[in-house]
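To start, I am sharing the structure in question, which I have written as structure tokens.
The first chain written gets the first letter, and so on, giving A, B, C, D, E, F, G and H; residue counts start at 1 in each chain.
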Amino acid sequence: MPVDVARMTKVFERPKSLTEARYTYCPGCHHGIITRIIGQTIDELGIAERTVGIAPVGCSVFAYLWYRCDAVQVAHGRASAVATGLKRAKPELIVFSYQGDGDFASIGTAESLHAANRGENITVIFVNNQIYGMTGGEMAPTTLVHQKTTTTPDGRDPATCGYPIRFSEIIATLDAPVYVTRQALYDTRRIQDCTRAVKKAFQNQVDGKGYSLVEILSTCPTNWRMSPTKANEHVANVVTQVFPLGDLVDRG
Amino acid sequence: MPVDVARMTKVFERPKSLTEARYTYCPGCHHGIITRIIGQTIDELGIAERTVGIAPVGCSVFAYLWYRCDAVQVAHGRASAVATGLKRAKPELIVFSYQGDGDFASIGTAESLHAANRGENITVIFVNNQIYGMTGGEMAPTTLVHQKTTTTPDGRDPATCGYPIRFSEIIATLDAPVYVTRQALYDTRRIQDCTRAVKKAFQNQVDGKGYSLVEILSTCPTNWRMSPTKANEHVANVVTQVFPLGDLVDRG
Amino acid sequence: MPRGTIVIDAERCKGCGLCIAACPQKVLAFSGTLNASGYDVARMENPEACVGCTFCALTCPDIAITVYREKKSA
Amino acid sequence: MPRGTIVIDAERCKGCGLCIAACPQKVLAFSGTLNASGYDVARMENPEACVGCTFCALTCPDIAITVYREKKSA
Amino acid sequence: MERSVIIAGFGGQGVLLAGKILAQAGMDHGLEVTWLPSYGPEMRGGTANCTVVLSDAPVGSPIVDEPDAVIVLNRPSLDKFEAAVAKGGTIIVNASLIDREVERKDVVAHYVPINDIALKLGDARVVNMVALGAYLRATNTVPLDAVKQAMARALEDSGKGKFVPMNDKALDGGYRAVS
Amino acid sequence: MERSVIIAGFGGQGVLLAGKILAQAGMDHGLEVTWLPSYGPEMRGGTANCTVVLSDAPVGSPIVDEPDAVIVLNRPSLDKFEAAVAKGGTIIVNASLIDREVERKDVVAHYVPINDIALKLGDARVVNMVALGAYLRATNTVPLDAVKQAMARALEDSGKGKFVPMNDKALDGGYRAVS
Amino acid sequence: MAERQLLRGNEVIAEAAIRAGCQCYFAYPITPQAELLEHMARNMPRLGRTFIQAESEVAAINMVYGAASAGVRTMTSSSSPGISLKMEGISYIAGSNLPAVIVNVVRGGPGLGNIAPSQCDYFQATKGGGHGDYHMIVLAPSTVPEAAVLTTLAFDLADLYRTPVMILADGLLGQMLEPVELPDPIDPASLPRKPWATTGAVGRDPNIILSFDLGPENLKRMNETLQTKYREIRAREIRYEETDVADADLVIAAYGSTARIAKSAVRMARAEGLKVGLFRPITVWPFPYDALRAVADHVSTVLTVEMSAGQMWEDVRLAVAERAATPFYGEMGGVVPTPRNILDEVRKHAR
Amino acid sequence: MAERQLLRGNEVIAEAAIRAGCQCYFAYPITPQAELLEHMARNMPRLGRTFIQAESEVAAINMVYGAASAGVRTMTSSSSPGISLKMEGISYIAGSNLPAVIVNVVRGGPGLGNIAPSQCDYFQATKGGGHGDYHMIVLAPSTVPEAAVLTTLAFDLADLYRTPVMILADGLLGQMLEPVELPDPIDPASLPRKPWATTGAVGRDPNIILSFDLGPENLKRMNETLQTKYREIRAREIRYEETDVADADLVIAAYGSTARIAKSAVRMARAEGLKVGLFRPITVWPFPYDALRAVADHVSTVLTVEMSAGQMWEDVRLAVAERAATPFYGEMGGVVPTPRNILDEVRKHAR
């Protein structure tokens, strides 16, 4: 029973700010949803021509391939520092950095914290999938207690490896950030909430308000060794217990 | 009217755990008081023979000269990482790191945070004098808003340099640390409080409890361009407004 | 006539199944046919039930889904 | 006979004045004489007022002060 | 005498494991061996291949210009490696997935319906052992039994002992498929 | 013609500034100059010295083995630099603080009660200018007036213009103290 | 006699380190040395030893500094960009005379580069990528079994000379499997004591570990002590291998993985009747200048082959000093030369 | 004509950078380059330009990476240990073909070392202290006025070749005052546009800055492009100064501060009738091999003098290739050779 789409209204399509390139992400990986949300935000704010994206090292190392905007691929952990340099050099640009949890909260700890503390007028998307996706599934600073990874084969033992770090809570202790929020993508409602949060984080920058951080609880079906749907449930039922959703700072 | 001290009781003298070497600190600098408190604590706990001190780069770079115990001088900012390596190698040792605010909260941000997060069984003395003392008075991450330093000649402008970081509050967001406290030395009562806090921080390690952090609001008469007594008043009246005193975590 | 419909780009689909789980109308299912990359592609199993709510598309990590809705004033 | 007394190691003293400010009995003052390093050394100006409370010593950054107190059972 | 083989296919086809088992069997059989994986530029889901060298003297290069044999499990691998095989060498072609013939006339090609054999055995995952069996029959590099033992040990060591019989059959199936 | 002088003393005695003013005056007077500070291993409160080279040709080394003159404001500096001075060179000795005589016979020593002169002028902080004045008289390296102008400019630039007259007197006082 | 096992280079380095008594290992993940980290993660804790996944490479090298200060055998590993981050720490370790082992499984550079095999970090390893006049002993294994042997040696030399020792491997060696007989495990308790270590000042004066002295004359003396040590190492620890050099007219100079590939090329060349040999430095610092110079005296050509733009080539030219021609053949960016590639180059220059 | 001012080396580099149109400066404090940072802190903001005291040297070099990507002139400065921390970042800048200026006011090393003048980071600067086959152009000023000139040149060369350029100074040059005529300020707006910069994709395809390609063949091509650039730079940008070389029998090879001290020694030697000259590389990378080789052809001795254990000495020996004797005289740890020290060495070797 073929439907004639020509007679219908297109209500959802690929954002204009995204290229046609196919993602290198695994099936069901939330990195793809986040990319789409960012693309849609750039569309809605009409800022593609003045946006510069910052691709980290991590599964999103190819991020520069997905957006129709200028982009810089940077050293592991240093995206917030590079964003600082870029934005200070050309304040009229809209600069966003896209960073994994290893990138943002482990090797990049200092750069992440101090860019936030300076209140750089940038937007940071912090993808917390509780794992080092790209390098094959090592422990991340956000890995849950008892979670098995290649470097915690018997599960993360807090006695030797400590506890998952809530980095947004850390950023929230600072005076400068205008918006710090933690979002998820495990169901449609969360996706819509997250979309609003990302838009707000970009809008803040457009309005010159300062530093915005959107932490997104993401999945890694491959290294979690779960199906994509199982991974969604895991975020909903387990991960959000450790990383509660919601706004931590909103000085907008 | 000479008093015959031989007929009296000696109620205060140089701690046994300190050497006779004279400090390289400026007149009235609190680094000296802190050193004395640590020496006294080592005496009281009787741990000099199994203590290893970690000297940073900063005005306290010569710290290894003051204590009668083994010591390691380390790279700027990395004292908590070195302490981790030392303590893991020889858990029977009592390891303390002595770190300035530039060292602990700027260049050493990642090492400081993650050692705390792993709950390393070490004692960290974090000397917050709101300045880079050794290098001649540059802005520290803890420098107060509008405070003049050689790199903020017109006073720290939060719009470009951000706000003073309260690092103890950051450490307090973590699950592992057993004791996080902020102390000062601007009068006798604070000195006594601080002495108790330092002792507790060492005792925790002796008891195998885990990570303890004592942040101490210190002075830098030289770079603040204040007399030592004026500097004390400044801490009491101004600095404590930004950095409130007291225990932030006590899971002992 | 259904209130909405979707078009799945089979070559982009990675068979993750997230759209299937997300569809409130249970419109979608695996097709059992593999695309060139070897993935079992999702497809509309009950197209008439589709309301064009876009949930599937919002969820699809690979932006393989385009959604159409009946013209309101038609 | 004072209840306490102190001994200041003049060569260690850096003339910072913190002990002077810390003494509740106003025992201490600058001596006006410089030591070998050129610092104006603190000294007891009213030794008879000293109660041996150790406040000066607790405060002295350079551990230049030793404190003595009258023997209790003397 | 030095023998070398490149085993190539999609990421999920188990080519790396097949190579490891061959190398292990070679070593158990008293040979010097090397096994070297190579990953394409794709992160995941790309093509994979490995090179195994077996020799009675210490192996120099684990990289070979002209392998004595290649096992190609998909079309891109045939396209990539056909030219490389040494004159007179062997190509094991997965006829189930590869719809063309080997063009070179100076090599020996064996067309084995590897996927079909595996599916007939009931487990698509054993294509790698089918392929390896075929290669062993075609080249006689190491005895089939040595490979079976190495395979059994590899699976047992990784807690997959229950799959040994199936893989055993797969090796046999491939072995028999080459005449 | 190249002239060099080392000015040495305690950290607080202003030896670095004295050297800078001399170098500035030399430059204003048309000479090539270099000024080089040297810090002892002590962090603070230690000794300090600087080397000034003045020449009518481009200066090679800003470090000199045999300065034509040294100005020593304290005893350790005399101990350290007495041997270095070139034969026939000049030593300005701060007689207020240095309780020994120069031992070498092949140099010209001027004993100037620098601190006393400064104190008599009412400001202990001007010892450096007293010393510089003495040096100028003893060596004639640059005219006193050039130095006075450089001094005035240096103080004015750093917002300490009100101290110019006092330092002026200090230069004169030192100048006059050498016969 | 130890059992022959088919093992991956990365795992062999890890296991050999454990058997050499490595008590503390600190590292941050990076490809292509993941298996090394994973092997340590699996095995160190069950031996009661320390494995920490550090927050960064900077933290890892400073943890090594701490563990080395305490007198235990300690190691870190990484690959190119991660090694660059360790430069300050390595300079401190050298300056403080601490023994430590650092593994670099080199990948394509510069910048993020890629994860394929390369030898483009030779300068960094041998000339001192960090600041100051220091050196590491740099051991370049060519096969997986040799990786085991050189790992043991690395710990021994580190302790003997109180110096950082680098194992300079590459993605090829790290990723390949080869039969190896692992060395017998050493009981760490049986190792010689380190009286200088900071283990608690019981019945002795405090031990102080440091790398500075604000007085130039004193720091000069510290540097002279270092240089004396380096002279000793140069005198005693140079290692290299010569293959078919005696009658050769052309000698290939190559190290590490490239050398084993070159060995195949030598065999092929000899089969063609070309008089070709191989000179393989095993210690790339200290570099075997004298031995190579002696070779250069009786050949017409020393052909350097590297997976780089020509880094060891400089040392080769320093050694040869125009006694022979010194052509160069290099690959870059993760491209690995094949025996045939090398043979082609040989043919260009051989007679 | 610009006014002659008596200024400190550190300040001159800072002010010359400002006048060259440096729009963004990022650095972390360290002695002996404090005055450079302070000059920037005082002056950049009032010009509406960016001064950030970064949280670390690692952050600073990555801020430079960002600002360079955006197409503005940008600089960082530090001293030895801080420069070591920048190695990964510099490798990325080189790999991404970004223009940037990096100042190293070298101090005594290794480790914490001290704050006195030294030249012990020559290898790090010239051979690539970071990972991968990259180079920086390295300019070594010998006087304060030359520091001004070379700072201007550094920005020009960085832009021209899209490459990091290092100014290799030392504590002596950084701390000394000398008369200097500062160059006229450039209006940054007048500089050539950088069409590759990430300034917003308006009316063009997106610009992408990166330093990687996972495919070895592609990364090889990227490396070949780099090497081609380096060949061009070698062909066009070598700079050096010869003093009294024509009739010399012994030539001193020295750079930076040491060279100016050596110049005094040459004068003293000539006064004694010794035929001594000075060869001073201004670009230490690319090193003037050919020019020095030409000198070596007509002298008996090339005496290298450095404040190091002998780092440039390797390049000197590579250039001379045994055409002349190549003795070495070095100081370390912050000790600065005096003209007499050098003269004593000259006397040992001169005829």
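Points worth noting:
One rule holds for everything that comes next: contacts are C-beta pairs under 8 Å (C-beta built on N, C-alpha and C of every residue); 3 or more make two chains touch, one makes a residue touch a chain.
For clarity, every value in this text was computed on a predicted model and none was experimentally measured.
Under the contact definition stated at the top, no chain borders both chain D and chain E. Between chain C and chain H, the least number of touch steps comes to 2. The leading chain pair by number of C-beta pairs in contact is G-H. Our note on geometry: chain A versus chain E, Cα centroid distance of 41 Å, whole angstroms. Rounded to whole angstrom units, the spacing between the C-alpha centres of chain D and chain H is 55.
Chain centres here are Cα means. That of chain E falls 85 Å from that of chain F.
One simple way to say how far apart two chains are is to compare their mean CA positions; for chain B and chain E this gives 63 Å.
Across the assembly, chain H contributes 52, 55-56, 58, 81, 88, 92, 96, 111-112, 114-115, 210-215, 218, 336 as residues in contact with two or more other chains.
The residues of chain E that reach two or more other chains are 41-43, 45, listed in rising order.
Residues of chain A in contact with two or more other chains: 26, 61, 73, 75, 106-107, 109-110, 113-114, 118, 141, 160-161. Those residues of chain H whose C-beta lies close enough to touch chain B in the complex are 28-31, 34, 37-38, 41-42, 45, 51-53, 55-57, 81, 111-112. Residue ranges of chain G in contact with chain B, taken from their complex: 23-24, 26, 50, 52, 54-56, 58-60, 62-72, 74, 88-89, 92, 96, 198-202, 206-212. Contacts from chain B toward chain D in the complex involve residues 1, 3, 5, 7-14, 18, 22-23, 25-33, 36, 187-188, 191-192, 221, 227-229, 232.
Residues of chain G touching chain H in their complex: 58, 80-81, 83-85, 87-88, 91-96, 106, 108-116, 118, 120-121, 123-124, 127-134, 210-224, 226-227, 308-309, 311, 314, 317-318, 321-322, 331-336.
Listed in rising order, the residues of chain G touching chain E in the complex are 4, 6, 114-115, 143, 172, 175-179, 260-261, 263-265, 267, 336, 338-341.
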